[in-house]
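Input: structures, listed below.
Shared chain: chain A. Partners: chain B in the first complex, chain C in the second.
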Partner chain A sequence: MNKYESLYEALANLDGYIYPNEIALNWDLLIVMYPYITGLVAGAFILASLNRVFAIKALRPTYEISLLTALSFMLVATMPLITHLGQPWRFYEMLVTPHLTSAMAIFGFVYLWYLMVVLLLEIWFDYRYDMVIWSKQKKGFMSFVYKVLTLWVLDTSPQSRRTDEKIGYFITVVGIPSAFLLHGYVGFIFGSIKANPWWSTVMMPVIFLFSAMVSGIALVMFIYMVVTYLRKQKIDMNTVDTISKYLFYILIIDFSLESLDQIHRIYEADESFDILKILVHGKLFFTFFIMQIGVGVIIPLLTMGTMMIKKPREKIRKILYLIISICVLVGIFYMRWNVVIGGQLFSKSFYGFTSYKVDMISGSGFWLSLLWFIIPFFILAFLLWLLPPWKKKESIH
Partner chain B sequence: MPIQVKRLLVVFAVFIGVMLGLKYFLTPESWREFGPYRGKALTEIADQEAKYVQMETCAMCHDSIADLKDQGLHISIQCEICHGPGYRHVEDENIDMVIPENSDFCMTCHAINAARSTSIIKQIDAIEHSEGEDCISCHNPHEPWL
Partner chain C sequence: MAIKKENFSRRDFIKNSSMFAGGVVLVSLLNPLKVVYATKKPKGKGKWYGIAIDIEKCIGCANCARSCKAENGVPNEPFFFRNWVEQYTITNDDEVKVSSPNGGIDGFTQPVSDDEIYKTFFVPKMCNHCAISPCTQVCPVGASFESPEGIALVDKSYCIGCGYCVQACPYGCRYIDPAQGVADKCTLCYHRLEKDLDPACMMACPTGARIYGDLNDKTSELYLFIKENNCAVLKPQLNTKSKLYYKDLSQEVH
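Now for the complex of A and B:
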């Protein structure tokens, strides 16, 4: 509310009737980034699980990349929230004062569970054997680093590898519901706010989950292609074709669920329907119809659908997959935008609107959001250097 | 038990120990004083600088305007609703308050709105009523007449 001190200033941004505490948006672009980044984590992990648990061999080249991508984004996932806090230096209080009366207070534990018990452990068991080998191959400081990373468990016997394999598999199995919990939880945060008709739907956790899978799969497809290109290696077309197939099916499910939610809303047409209709056709028209549905769903679905009927040449397919993955990533970003920002644009009196513009000059939100989206790529580059999947000895799974 | 698991259990035990230590040392003093939040937060919020100084403060200098307003229909409207928060102006009179001159501002309350009671707030169609002329050219907002 610091943005407008006087009613006179605030009025220029309003339409109709609005309550005083709705004039300035409390959740800005940084809060859009939070479900977006968390979704990328859950989606990338689920793609890795497809290879491990469901034994989809074609996805093998992306297994480690998916896990490391998930970890890179996971390490940053809380940062948009922390930097959005009015008192960021008090963020740790959420972890030292656990209680069950607020869904948000539980996030720290959902996050820690997923980071510590799922992601780090799965990566550790997957890489332990290789880290032992690398610790012997490397000299000096790097040898020491790999030894530390193995926790000085230097056993390379076939039996120890089988143990790694078994426990790794078990963690992946536990990891799938955990990934569902992580992003379902993010959807729950919005879906459980009964005062806001744009958010309050039991479908929200499911929609968030499927959109997370869509965005994570698109991200891994993008990263796999770019990393392989940068390494001057040949892209495994069977792999990207398979990823694209899963992306296509899950995008259809995601779009169907979102459509079902909207159809239900339209048919039910409760007292909030009129204001939501004006919202969607007015302030959200560009971000909802053009970006989320047009760029994020229709273009990728039509392109991938056409490619399934008539497969173009390899070179064209590569370019199209890159474009599709970017379109999907942009579309899901706007989905988050429409949920987070859209839900705050209309008055809960249902008689008016406020407005929101990303402040690029004086506001810190835009630059911080950009920073938190870029940093994971640097973390990923470091992790790929430290734990290169292409230098791994073929695991026994 | 495999050595990997043993080693990880040690790591987790250390982690949980550190977390419990942090919980012990970092839990705010007034946590759960009244409920699951810092009790001190209430006094901290109450101690924040008030930005709206209230009508009585304005009347200490602008007494003639306050007297005029007390005779008119805007008697119950706080000065700062139209002029913005006065905390800076109170400190330094050279910092100007907002003076709305545009009719759009008046229309915030006086435009026709079926949800408002006409017996309390006079409502008009600005174009029909004054053909675009600013409200303040005929009405004194400190003592509006009907």
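Now for the complex of A and C:
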């Protein structure tokens, strides 16, 4: 009985009629974390690419931080998915015997491509020269570690650095569509489910992509400010102003796309409209209107918009940027929540709703989700210690 | 010169068109669109199972649900069903009330008074064994598959329990087995069919409201039932090519 306590509670509080198998929400908080974390990766990487490919000088101080942030979150991106499986030890079957008609199966390959080919290579080419230098400066074990990381390519000639630069640039160019693909694909996993009218929209990949960019940019802005503060260095205001400018524009695009999706639903008002309307105004009211739109969009847009018209003092700007980045990160989390959880709260019979509560005490989902969100920050701290961007020699270009 | 040029262009034309034709042949050999479709009706003359339910005949006893749980070891909790029965009541005010207490196993009550009822009826639900099944399409490892007889099955020793198929089924016919952590669903009692036995739900129905059979066999009871009655499938707009046919299905049923 205890095992099913939350289900019996949901059963007692059913609203209307729901297919009996739908009372249990199969995709819980862990599956909310999965697109959230993947989105942070894609967004952080795209910010790095803006700097490199479009040569936006103001973003230079965040380049390596963006890449390392992307890597830290990428390393755990699949963990929420794997730990959610009913048979976690069979996860490798997805890569060994993928079913080609499944969006989820193909995701494994998109993920590996992005991690192995794009992220790791770009970071390696960016850091190779510095790792050679560090392997010479350090002694003992650390010298060996850096040497291993260079894969014994120890050439430090200007010629070799130019080659690094060229290949790195090429990977970044390939990386942009790859990052688009990575998160667009996560959107497709939901958007391609025709059984679920809340998910099934062709806009889903595009919305996921832009919301990913928004969350990734906000995360890098946050991390850059906190890391610089912890290092007791001066925050480059030109850099954060520029990031905020990009955040502002991309947030507008993201919000427009999401609005377009909603307006389209409202105007078309197909057979699923009635139930979705009750869903959004009822069970999702707080997470949708207050958190996703209010905290995640309206507050950041108004604040940044006002700051564009009248720039406050540096000190106030810093605090506001920190608040905005947290607001955006919270807002995008709730956007993922509204998609994943919202899509399972209503019955596919369109006659009622189930309910869902995050089980903080006995359920493993909450603690695992928290774990998978916290671990990347530790990985990032380690990577920043191992590969400190501020100790890098300036690029030869 | 002009004539010469024309000759050249004719040769070019032949060359280009044969290249184009070759390309088309090559592409069709590779058949890239094949993966878009999860399954296809086999070309052979084997059995192609379908089910039909006569709504008029269903009395809501839920023997089908009960026998299914017993036969297939479906957990007894009211959250896991391979099949269940719904009670629809449409009031004079056009309000649609649906209920299925413990899948119908606990018995039905009618909260609406007789003079307020426009119509009421029972609808047994089970896997639709779709010909283009969205559940098997999304399975990342191919553990959900369709048998050559058109029955959607799960290889439980292979399923990773991701729950994607549960999301993809428009009819709510799948659940994650809490004991094994893998997807479970109606198999049309495949283990019984193999021994020429009828599925448990078909055996248990006291009024003969459910029939099943071979859609390829033009003389089968099922084929004739669908031919002679006004049958419809659930959610036809989703193009799942459901093979669960309901006689005189009301439009309120989703």
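In this section, the second predicted complex is superposed on the first by the 384 of 397 C-alpha atoms of A that agree within 3 Å, B and C clash if a C-alpha of one lies under 4 Å from a C-alpha of the other, contacts with A are read in each partner's own complex, and residues count from 1 in each chain.
The definition used in the following text is that a residue touches a chain if its C-beta (ideal position, glycine included) is under 8 Å from a C-beta of that chain, and two chains touch if they have at least 3 such contacts.
All figures in this text were calculated on a predicted structure; none of them were measured in a lab.
Chemist: Given the superposition on chain A, are chain B and chain C in a clash or a fit?
Modeler: On the superposed model, which is not a single observed complex, chain B and chain C clash.
Chemist: Just to be sure I read the superposition right, which of the two partners does A:T101 touch: chain B = first, chain C = second, or both, or neither?
Modeler: In the superposition, A:T101 touches chain B and chain C alike.
Chemist: Where does A:R128 make contact in the superposed view: on chain B (first), on chain C (second), on both, or on neither?
Modeler: A:R128 sits against chain B, while chain C stays out of touch.
Chemist: Per the contact definition in the header, classify A:Y17: touching chain B only (first), chain C only (second), both, or neither.
Modeler: both
Chemist: So, A:L7: does it touch chain B (first), chain C (second), both, or neither?
Modeler: Both chain B and chain C are touched by A:L7.
Chemist: Of the two partner chains, chain B (first) and chain C (second), which one does A:V53 touch, if any: first, second, both, or neither?
Modeler: So A:V53 meets neither chain B nor chain C here.
Chemist: Which partner chains sit in contact with A:A381 here, chain B, chain C, both or neither? Use first/second/both/neither.
Modeler: It touches nothing on chain B or chain C.
Chemist: With the two complexes superposed on chain A, say which partner A:I278 touches: chain B (first), chain C (second), both, or neither.
Modeler: The answer is neither, since A:I278 touches no partner chain.
Chemist: Counting touched residues of chain A, say whether chain B or chain C comes out ahead.
Modeler: C
Chemist: For A:F91, select first, second, both or neither according to whether it touches chain B, chain C, the two together, or no partner.
Modeler: In the superposition, A:F91 touches chain C alone.
Chemist: Where does A:L320 make contact in the superposed view: on chain B (first), on chain C (second), on both, or on neither?
Modeler: neither
Chemist: Between 8-16, 116-124 or 134-142, work out which stretch of chain B sticks into chain C after superposition.
Modeler: That would be 116-124, the only stretch with clashing C-alpha atoms.
Chemist: Residue by residue on chain A, keep only those touching chain B in one complex and chain C in the other, then list them.
Modeler: 7, 11, 17, 93, 97, 99, 101-102, 105, 351
Chemist: Given the complex with chain B, which residues does chain A contribute to the contact?
Modeler: Against chain B, chain A makes touches at 5-9, 11, 17, 92-93, 95-97, 99, 101-102, 105, 116, 121, 124-125, 128, 151-153, 155, 160, 163-164, 167, 351.
Chemist: What does chain B use to touch chain A in their complex?
Modeler: Per the touch definition, chain B meets chain A at residues 2-5, 7-8, 11-12, 15, 19, 22-23, 26-28, 31, 35-36, 38, 51, 80-85, 98, 100, 104-105, 108, 113, 115.
Chemist: So in the complex, the part of chain A that touches chain C is made up of which residues?
Modeler: Residues of chain A touching chain C: 3-4, 7, 11, 16-17, 19-24, 26-27, 81, 84-88, 90-91, 93-94, 97-105, 108, 189, 192-196, 343-344, 347-352.
Chemist: Which positions of chain C touch chain A when the two form their complex?
Modeler: Checking each residue of chain C against chain A gives 35-38, 77-81, 84, 86, 96-100, 102-103, 125, 134, 137-142, 158-164, 166-178, 180-183, 238, 254.
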